[in-house]
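Take a look at the structures below.
First subunit A sits with subunit B, and in the next complex the same chain sits with subunit C.
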Partner chain A sequence: MIEKGRISSLQLAIIMYPTIIATAILIVPAVTATSAGRDMWLSPLWGTVTGFLSIFLAIKLNQYYPDKSIVEYSSDIIGKFFGKLVGLGYLFFLFHISGVIIREYADFVVGLFIAQTPMPVVIAGMIAVAAFAVRAGVEVIARSSELFIPIVIFIIFFILVLLIPEMDFLKIQPLFDGGIWPSIKGSATIQAWYSEFFLITFFLPFLSDKKRAVKWNVICLILIAVSLSFTNLATYLLFGALTEELSYPLISATRYISVADFFENIESVVMALWVAGAYVKITAFYYTFVIGTAQWLKLPNYRPLVFPIGIILVISGLWAAQSFTEVKDSIGKVLPFYLPLFGTAIPFALLIIAALKKKIIAAHQSSEQA
Partner chain B sequence: MSIITDQWKKYCVIGGWFLVILLSSGCWDRVEVNDIAFVLGTGIDYYGEKEIELSIEVKLPGTTEAGGMGGGNGDQPTFVQSATGKTVAEAIANLQMRFPRKLFWGHNRVIIFNEKFVRELGVKQELEYFSRSPEARTRDKVFVTQGKAKDLLTAVQHLEDSTAETLRELSGTNIGLDVSIRDVLLGLKNEETEVAVPMIAVSADTEGTAEGKNEIELLGTAVFKGNKMSDWMNMRLTRGLLWFKNEINLATVTIAPEVDDGYISALMIDAKSELIPEIHDGQWKITIKAISEDDIIQNSTELDLTEMDVLQSVERQLEVEIKNRLVEVVDKVQQEIKSDVLGFNEAFRREYPEQWHEHKDDWNQFFTTIEVDYDVKVYVRRLGLSTGKQESEE
Partner chain C sequence: MRFLKRFLQKRQQKKQQRLEKQKNQQQQMLQQMAADIQLSTDINENIKNIQESFHQSSDILFRTFSIGSSQACIVYVSGLTNEDRIYENVLTPLMEATEEAHSLQELIEKKISVSEIKQVQTFHEVINDLAGGFQALLLEGHQSAIIIGLPKWEKRSIEEPTAEQVVRGPREGFTETIDDNISMLRRRIRSPRLTIQMKKSGAITNTAVVVAYINGVANDKLVTEVNSRLDRINIDGVIDSGYIEELIEDNPYSPFPQVLNTERPDVIAAYLLEGHVAVLVDGSPFVMIVPTTIYSLLQSSEDYYERYIIGTIIRWMRYLFVVIALLFPSLYVAILTFHQEMLPTTLILSIADSREMVPFPALIEALLMEMMFEILREAGIRLPKQVGQAVGIVGALIIGEAAVRAGIVSAPMVIVVAVTGISSFAIPRFNAGISIRMLRFPIIILAGSLGLLGIMLGVIAIVVHLCSLRSFGMPYLGPLAPLQLKDIKDVLMRAPRWKMDTRPHLTGGTDRERQASNQQPGPN
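And then the complex of A and B:
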């Protein structure tokens, strides 16, 4: 196999948590507030349906082809030509989505904290760090996220606790003012993030304990849903109807913190959280893109690809969007369909074909035996 | 022979690491403290129909708190500058021309509006700048002043270093309202309680002040109708309004018991209030439930408060006193101001969303017809260190 390293299911879950949440936690509250309003805290919970489906599909397909990722087994399922085409589609998808993620990261950091730094420098800095991790292999990615993620979770929790005195708990009443539909509509964008869970298809072949993969991924998904739900709730209790106007509600909320008149101005902490989370997220996508390309080209080793692809990703990040408006626009209008297409729809079709194929072969064999 | 030997590879990797460390640590944007000027307070004044006058109070470098305390009148640790512009952003750009350091808004704490400005132009278009800017905070307190905001910023107080700090402390005392940019912007949204902002002025009472120093005093509350200020309430009504906002704290209530000509004063140690909406057969009614726990802090009557029935009758009279205050506020708001600053809007929206939707568009008219019920409870818990009474003088 192309990757020698092995990780545990728990480590995979630790990689996936920031991979979903890093961008979601900052942008999702505003996007969901637009359509879900007061019921926005429910939206992350409805969205999990897509997440469960993505996990189920990735694991089921992996059971058919335990040592392969979607780039490889698509050829086994629907023939060499179409399989390669699907594989190429996934590579393009990973390339493009990585660009969008890098752009979101850079927009946030440059827009809020380091306005004078040129964006290529910010992006190249992050890609360079990620490149070293990707080159070192899956084990290093897992361990570095093991290092960061407990801190990230702690900071999220810490911020939410500090905001409690500022919250007006009556703000979420009445529940379901416009019926249940607005909150479901709000989940449309969030489920796009959850469908990123299909990324585990690239990691599953490297698991040392596949039996626990379902358990840990589901726990991870639930944790993500709970985290997002709490963030949505906290921002709404703090900003109410203003939430939808804020670019990064969690940042505005953190800026609101002031404990005993001296513990304030702690938004740099959120920035640290975001950079650590974004690092894991970008590394995960970068890694899967590199691994996928190597598998698609049937290379014996993926390492020579790492730096060239890194350079391509820097450019992809610069090209992904013209402005913040374009990023937000695509998050609201394109990504809810685009991500689930690759995260659930195509895997779903592949799984049905694979299952039918297996049945036909089994029937064939039994009829031959008879 | 390959040019790239292992030795070279090693150098490249080490060089790469250093490059990464340099690029990803964010030092490109370093800002030294001695390159920025800290804005502490902002004042916005009326300057014709189309322009605003923006004043800022800036911290003088080198005057730390210790230095400020030691100094006499001569070394005020802040100074005020102002400039005009079509918008806040433009005025700031114009101000910046006079500063060799970059103005930094991260420590701004208060925004003061001139009364004429908010009556004619409103607040939203200017506050918008502060919720958008990555430097400013939506936590900044908002005030309205009768005179010029600039005069208020230039006033020097005895106890604090700056007007901004004085105002921030003042809003924390719960004597008047405590309103941040977030509260104002939220109140400007439909479906929310109308905006009410504390009103302040430089105190006219200069007797006993040090030369060149003026205290700032709370005058009451500026009441908004939508984006613009429409009316105001004096301090007495403001104290009543605090009950509706559930922000009452450490208030003193004084009554004159019928039986005697002295007074009894009680200090509210803990006070809570709640609005309970009800709709019965199309009749809209709202109950304000106000509960407080009090300590008696002064008794100039002959009543012996250590007796249970006397104490209970005092409790009832305290309740009447509080209720009268609440009635006064409701009458003023429903009959004169006609802008729902009391929060009836939100209370009904929570409990009766369907009926509320029918009236939300003409709420400021409709809410004046809502019947208000008062449920005031006072519990006197302690009598202080001495429980005596005045001896009769016969």
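And then the complex of A and C:
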């Protein structure tokens, strides 16, 4: 196999948690507030439907083809030509979505903290670190995220707890003012993030304990939903209807934190620690892009691809959008359809064809026997 | 492309030629040895040959005497021999013997009262043993020699280890003599399961290298791995255990030590009980332990001798010291350069006030002072003790004070550098401290150019590197990444003795249980 390292299901879940939440936690509150308003805390829970579907599809397809990722088994399912076409589609998708993610990271850091630093430097710095990890393999990615995930969870928890004195708990009343429809509408953007769970299709062949993959991924998904729900709740309790006007509601919220006249203005620290989460997310996408490309080209080793693809990703990040407004716009309008297309729709079609094929072959064989 | 190919081919050819040449030389040497493989019956010829192969060295002594009427000669290196006992146990009984025509076996059995003794036939065995500190007894008319083991040389007595001192705990440290070191281990672990395997390393120095482990406790695979890595070594000389360390570690390009060194026999005994393997090298008081995790570099033996609550707190303090030693100056630079809003107003005002006269940006100031600190530290270590103190005083008081007064550096920067330096000295292992101190410089530069983001990118890079490191196949970040919940008891805390029921998962062999559980003490 192209990757020699093996990771456990728990480690996969630990990779996936920051992979979904790193960018979601910054942008989701503002985007959901637009359509869900007061009931935005419920939206992340509705969105999990897509997440469960993605996990189910990835694992089910992996059961049919245990050692292959979607780039490889698509050829087995729908023939060489169309399979390669689907594979290429996924590679372009990964190329583009990695660019969007890198851009989200760079926009956030440059826009808020180091305005005078040129964006290519910020992107290239992160890509260099990520390339280092991708080259080292899946085990190293898993281990480094094991060390960083407590930090990511800690900052979320820390911010939410320290904000309690500032919250106005009556703001979310009345509940379900306009029925549950607004909160479901709000979940449209969030489910785009959840469909990123389909990324596990690239990691599943490297699992040492596949039996527990379902359990840990579902736990991870629920944790993500709960974290996002609490973040949404906290930002709404703090800002109310103002939430949708803010670029990064959670960061704006941290400005309210003040403990003992010393813990003030800690948003730079939060940013620095958040970068650890962004690192895991970017590395996960980078890694799958590299692995997918190597599998598509049927290379025996993926390491020669790491640096060339890194350079491509820097450019992809610069190309992804003109400005942060454009990024946010596409998050609200394009990504809710774009991400689930690759995260659920295509895998769903592939799964149906694979299942039918299997049934037909089985029927054929039994008829031959009879 | 063709040029490149030809170039590579040529290189390959040259390499092969070189290898063949080496092989030829070795064969020639072997042939030479084979030529004089047998000892002669003529004792004078043997003496002459020995003299020649030692190139008439002046410290090779030949004492000829006669047993009855036949001639005999004892040869030894004067500095490596216990001469008193040679006279007492070898020369006197043999010279007093009157009967004729002894067989060698009879001499060994009846006359020479020495416990370490053997018979050899070949000439190069004799000279190798002579060089190794043994004595050779040659006899007229015999084609073999008796090798006697009465070595003695001047050695340092056992002292308290200077590099790792403890308040509570054993005070003896390893010395340069490997036999003494092994005896110190044997005295601590009185079990037949303690296995000691000796091998020679270094083509010229013939240094004894010992692999020690506890059978069943250490993983068999690990022991084979250590042995095979030691057997691969082919150098001319081994002067210190550092030579071996560099030749057996996993990643030679890493700044982090992947082998733990210690002067303390109690530390080695404790690690052996956890299933690690120790490598002792003759001539070095530092014994190596493999595999190593980064946490064992941050542990002191005293953590285990004091109360476990104290041990746990001190361990956490040390993790904090590591963060300070690595990041404090960079945080200072990043905050002053990019994120001034993070500091409370009064503090930033006082810092700004003291920096008013300073002509440099914070980055240059930090690099200057850190360099200064490293210079002083290095000078302080190498100088004689009396002068070293003077350097410390000149450096710390005079240069520091004068630089601040002259407005070249600001007082807060001096404080930052001092705190960083002290924290790095609080890391119990010198080699771990020094690698962390060196990594500080690139991070300061990152902090000066990208602020907190730069620091974070630097830290991520270091963490990724640490995650990819392995020490003898064991992940360097130990039970934390990848996570082993059962082993965390000795990393994130120092679990009480009555809770340490199992050996570490990664090093332990078949014998996983360490002690009976339910030993928590309390009133009955």
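Following the convention adopted for this analysis, the second predicted complex is superposed on the first by the 369 of 370 C-alpha atoms of A that agree within 3 Å, B and C clash if a C-alpha of one lies under 4 Å from a C-alpha of the other, contacts with A are read in each partner's own complex, and residues count from 1 in each chain.
We adopt the following convention: a contact is a pair of C-beta atoms (placed from the backbone, for glycine too) under 8 Å apart; a residue touches a chain by one contact, two chains touch by 3 or more.
Remember, it's a predicted structure, so these values are computed and weren't measured experimentally.
Colleague: Does the subunit A-based superposition show subunit B and subunit C clashing or fitting?
Modeller: clash
Colleague: Applying the touch criterion given at the start, work out whether A:A276 contacts subunit B, subunit C, both or neither, answering first, second, both or neither.
Modeller: Only subunit C is touched by A:A276; subunit B is not.
Colleague: Between subunit B (first) and subunit C (second), which does A:D209 come into contact with in this model arrangement: first, second, both, or neither?
Modeller: A:D209 sits against neither subunit B nor subunit C.
Colleague: Is A:D76 touching the first partner subunit B, the second partner subunit C, both, or neither of them?
Modeller: Touch status of A:D76: no partner.
Colleague: Considering only the touch criterion stated at the top, classify A:S268 as touching first (subunit B), second (subunit C), both, or neither.
Modeller: Second partner only, subunit C.
Colleague: If we overlay the two complexes on their shared chain A, which of subunit B and subunit C does A:T117 touch? Say first, second, both or neither.
Modeller: Both subunit B and subunit C are touched by A:T117.
Colleague: Looking at A:L242, would you say it contacts subunit B, subunit C, both, or neither? Reply first, second, both or neither.
Modeller: So A:L242 only meets subunit B here.
Colleague: Once the structures are superposed on A, label A:F132 by its partner contacts, choosing first (subunit B), second (subunit C), both or neither.
Modeller: Once the two structures are laid over each other on A, A:F132 reaches both partners.
Colleague: Which partner chains sit in contact with A:R255 here, subunit B, subunit C, both or neither? Use first/second/both/neither.
Modeller: First partner only.
Colleague: Just to be sure I read the superposition right, which of the two partners does A:A142 touch: subunit B = first, subunit C = second, or both, or neither?
Modeller: Once the two structures are laid over each other on A, A:A142 reaches subunit C alone.
Colleague: Under the contact rule defined above, give the subunit A residues that sit at the interface with subunit B and also at the interface with subunit C.
Modeller: In subunit A, positions 113-114, 117, 121, 125-126, 128-129, 132, 265 sit in both the subunit B and subunit C interfaces.
Colleague: For the complex, which residues does subunit C have touching subunit A?
Modeller: Checking each residue of subunit C against subunit A gives 338-339, 341-342, 344, 450-457, 460-461, 463-465, 467-468, 475, 477, 480-483.
Colleague: Spell out the part of subunit B that touches subunit A in their complex, as residue ranges.
Modeller: Those residues of subunit B that touch subunit A are 16-17, 19-20, 23-24, 26, 28-29, 106, 131, 134, 137-139, 182, 185-186, 189, 191-192, 346, 349-351, 353.
Colleague: Given the complex with subunit B, which residues does subunit A contribute to the contact?
Modeller: 111-118, 121, 124-126, 128-129, 132, 170, 173-174, 177, 238-242, 245-246, 252, 255-256, 258, 265
Colleague: For subunit A, which residues count as touching subunit C in their complex?
Modeller: Subunit A reaches subunit C through residues 8, 10-11, 109, 113-114, 117, 121-122, 125-126, 128-129, 132-133, 136-137, 139-140, 142-144, 146-148, 261-262, 264-266, 268-269, 271-273, 275-276, 279.
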